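Working notes, structure below.
We just call them A, B and C in the order they show up, numbering each chain from 1.
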Amino acid sequence: MAKYLLRALALIYLLFLLVIPVGLIAWRTFGDGLGPVVEALTSDEALHAIKLTLTIAAWAVVGNTIFGVGTAVLLVRHDFPGKRLLNALIDLPLAVSPVIAGLALILVYGKFAPVGGWLEQRGIQVIFSIPGMVLATIFVSLPLVVRAVAPVLEELGVEQEQAAQTLGATGWQTFRRITIPGIRWALAYGVVLCMARALGEYGALAVVSGRIVGETQTLTLFVEDRFQNFDQPAAFAAATLLALIAIVTLLLTKLLRPKGND
Amino acid sequence: MATTQTSTGTGVAAPAPVDAAPDAPPARRGRRRPAVGTGLGLGTAVLYLSLIVLLPLAVVVWRGGKDGPGYFWQAVRTPDSWAALKLTLVASLVVALINLVMGTVIAWVLVRDRFPGIAVVDTLIDLPFALPTIVAGLVLLALYGATSPLHVNLAYTQIGVVVALLFVTLPFVVRTVQPVLLELDRDMEQAAYSLGASQWVTFRRIILPNLAPAMLSGAGLAFTRSIAEYGATVLISGNLPFKTQVASVNIVGRIESDNIAGAAAVSTALLLIAFAVLILLDVIQRWAARRG
Amino acid sequence: MGRTTRAVAALAALVLVGGVAACGNGSDSAASSGPAVTLSLVAYSTPQAAYKKIIKAFRGTPAGKNVKFKESYGGSGDQSRAVESGLKADLVAFSLEPDITRLVKAGIVAEDWNKTEHDGMVTDSVVVIATRKGDPKHLKTWDDLLGSGVQVITPNPFTSGGARWNVLAAYGAKSSKGTDKVAGVSYLAALFPHVSVQDSSARASLQTFVGGKGDAMLAYENDSIFAQQNGQALDYTIPDDTILIENPVAVTKSSPHPTEAKAFLDFLFTPTAQKIFAENGYRPVVQGVGGPSFPTPSGLFTIKDLGGWTKLNKDFFDPAAGVMAGIEQKLGVATSPTPAAK
């Protein structure tokens, strides 16, 4: 009896919090068929938003993957003073509100800030421009690759690496041919997580982007803009596209999740 | 008993359920002394982290406190931001408590129950992690806003704020409790039943103590996530100062009014709260590890 | 799960991502031939729909053939400060003159920007009182807004240009065009406790009102018309005493394409563009362009009648000592930076 009660409770909660709202958007989006959706998503602004979102996410993923793998190796395979501090600091972005991240970047890289002013004089604009958006996206998704790779690296152990070294392999060769293949599924998992987070960023970008339609407007900002302009079809179409990407991400992470939960 | 990976520090908030593999024997964890290459790598990593995360956050705190504790307190105590901070804390606490219960219920059902489609449900739980917050806001507004097909209008209400936060924090408790439930040794439960204990007593005295650290950890993560949320709340809660304005919306308002010092002050307050909760979480984890 | 399955999934994802990116690339390269110039327009929140159509019309002219546009819309004060802080712009179109003056002081706009036939103003409008369809609560006059329990929506005057027009319209109406200052200020002090939310821009206010909050909204006439054109259930009344809203536009000194920017600026004053403005709810500054006509309120006054922007900005909107700062602080809304900090 309790079993059915609990099951009902859980399912009803999920139904009204998760399933119906998401389903409703998809319903409203395709209410008039596929045509208007495709039209909304192939407008100049929409296509630009999609392209921009992918570009920024790609940069963020590349940066955070290199940082992620390197730092994971440092944390797991090496000892150095301040290691625990570094470990804790890496998690910082997960606790910080994205709008605070945006404010923080403006305070350092804005035109009137020291670093920003210096860059501005050399013709590099960070805030209200794409570099600032890349920085903001890196900020919010920073820990994801590290945290996916580190535990698996730990699990892997050093025996194979040590064996390779005794056989004369250089550090780089060992890394490339033993370490990387060993962590490849965790790495893929981390990359997918990072990509999903980067594609979906909104709060920090709302603060640093300047919202220039056709230049610094990502897909999430496009959703907000269309909604504010009573253009529900376009807003919902873009929202559904983002939701679809989220679902694909879910499926991918389920496939790639490091062992133990298949 | 498996615990959250303590080697990664203050609790993993990424949507990976805890790797339930057995503990690795210490001998397998090779460590090397720092070499030149390592130094370079470390330096680069620290530089990357500093330029993008540490320095900017430090400047926020500096800016917030620059004019002295008096001005900081004044900026935070301004009626609209004080109300926003209070609402944020109370709403996040409510959300953490609801998640404590519902998250455990859902985890329980996912682990102990069987029905067609349970795998789909399990996958869907992570959707709030993957969905952009503004889409979550739009989605909730569609069902619970002015055009609600259910005729439930939560727009511009505090309940709307809570619902939005429940959406984005859904996976946290579920994903911290689930692995613990999976790993739980059923023998003690069986022993209790065979001695005549009821289901509820068994749950309360055998199972719950084992779940408690994971539950609290998840609730703490849900709380930290809630106080930071912007995209999901900004649409459904509107922008009513003193009623439904949360701290993050208040901060954005101040940035737009060019009140940078005020924005930095409220941000610093929010960061301090998050910091305190994270320390608390760490303490709980250590306590749990010692008990285990 | 087999490894093959995983590999296939990962590959599929990459193909998907690559495909979409390529799609985007494809459409870009199919654009116009010839050297394309891109102009950045930074504007306040409400004329987005109008500018979209005007830009399209401009691109159909010889002068605009190879010109592409990037546009940014937001609260007038916000946008002006953003340009001052580095947001790149070739053209700026704001809700009120002081937001351009700020940029003149910052050296971004030339000092003689308004020495033109229309004093630099590209569109006009008036402040209206918008209500739910059918005006169930009979809110037609300034006094009606002070009724017990009436909730009024107007944006935050420290970020939104529209809000400043609203405040000055109310003030001017109640102070007999500025002659009875005390009456005017006491009206404002009585009105603002009825304002339950202050959004950052006029468009955000409209969203709030349309989303179900409030009984009446102080708005641009053009924004109310825009809402009606988009099927929103809204009515509006033009009070007898209200202010003439004049919206400025200018090119920036730092524009890398001064010729094209000036060409677009001139285009805005042609009958074609002015007619598009009229069709989108704006009162054209050029006579006889056709399109819808607009009634003239009997007690219409202008910003000059009240003393001009410089004086009014100082008296009303100074973040520390202005009339509105005092009123907002009484309500507990922080709109001024803490003293000695900025």
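Methods note: a contact is a pair of C-beta atoms (placed from the backbone, for glycine too) under 8 Å apart; a residue touches a chain by one contact, two chains touch by 3 or more.
Just so it is clear, the structure is predicted and the values come from calculations on it, not from any experiment.
Undergrad: List every chain that touches both chain A and chain C.
TA: B
Undergrad: Can you tell me which chain is nearest the middle of the complex, judged by mean CA position?
TA: Smallest centre-to-centre distance to the global C-alpha mean: chain A.
Undergrad: Kindly indicate the chain pair that has more C-beta pairs in contact than all others.
TA: Ranked by contacting C-beta pairs, first place goes to A-B.
Undergrad: I'd like to verify one number: the distance from the centre of chain A to the centre of chain C, where each centre is the average of its C-alpha atoms, in whole angstrom.
TA: 34
Undergrad: Using the average of all C-alpha atoms in each chain as its centre, how far is it in Å between chain B and chain C?
TA: The mean C-alpha positions of chain B and chain C differ by 38 Å.
Undergrad: As a quick test, compute the distance in whole Å between the mean CA positions of chain A and chain B.
TA: Those two chain centres are 17 Å apart.
Undergrad: Residues of chain A that touch two or more other chains: which are they?
TA: If we look for residues of chain A contacting two or more partner chains, we find 251.
Undergrad: For chain C, what residues touch not just one other chain but two or more?
TA: 204
Undergrad: Would you mind listing the residues of chain B that make contact with two or more other chains?
TA: 260
Undergrad: Mind pulling up the chain C residues that touch chain B in the complex?
TA: Touch residues, chain C against chain B: 75, 77-78, 81, 156, 158-159, 196-200, 204, 208, 211-213, 332-342.
Undergrad: Please give the residue numbers of chain A that touch chain C in the complex, ascending.
TA: Touching chain C from chain A are residues 42, 44, 47-48, 50-51, 54-55, 110-112, 116, 120, 125, 127-129, 185, 188, 192, 210-216, 225, 228-230, 248, 251-252, 255-256, 262.
Undergrad: Give the list of chain C residues in touch with chain A in this complex.
TA: Residue positions touching the partner: 1, 5-6, 9-10, 13, 16-17, 20-21, 23-25, 27-28, 40, 42, 48-49, 68-74, 82, 85-88, 203-204, 207, 227, 230-232.
Undergrad: For a test of understanding, state which residues of chain B touch chain C in their complex under the given definition.
TA: 66-67, 71, 74-75, 78-81, 83, 145-146, 153, 155-156, 238-243, 253-254, 256-262, 265
Undergrad: Which positions of chain A touch chain B when the two form their complex?
TA: Residue positions touching the partner: 2-3, 6-7, 9-11, 13-14, 17-22, 24-25, 28, 63, 67, 70-71, 73-74, 76-80, 84, 86-109, 113, 135, 138-139, 142-144, 147-148, 150-152, 154-155, 157-159, 161-162, 171, 189, 193, 196, 199-203, 206-207, 220, 223-224, 227, 235-236, 239, 242-243, 245-247, 249-251, 253-254, 257-261.
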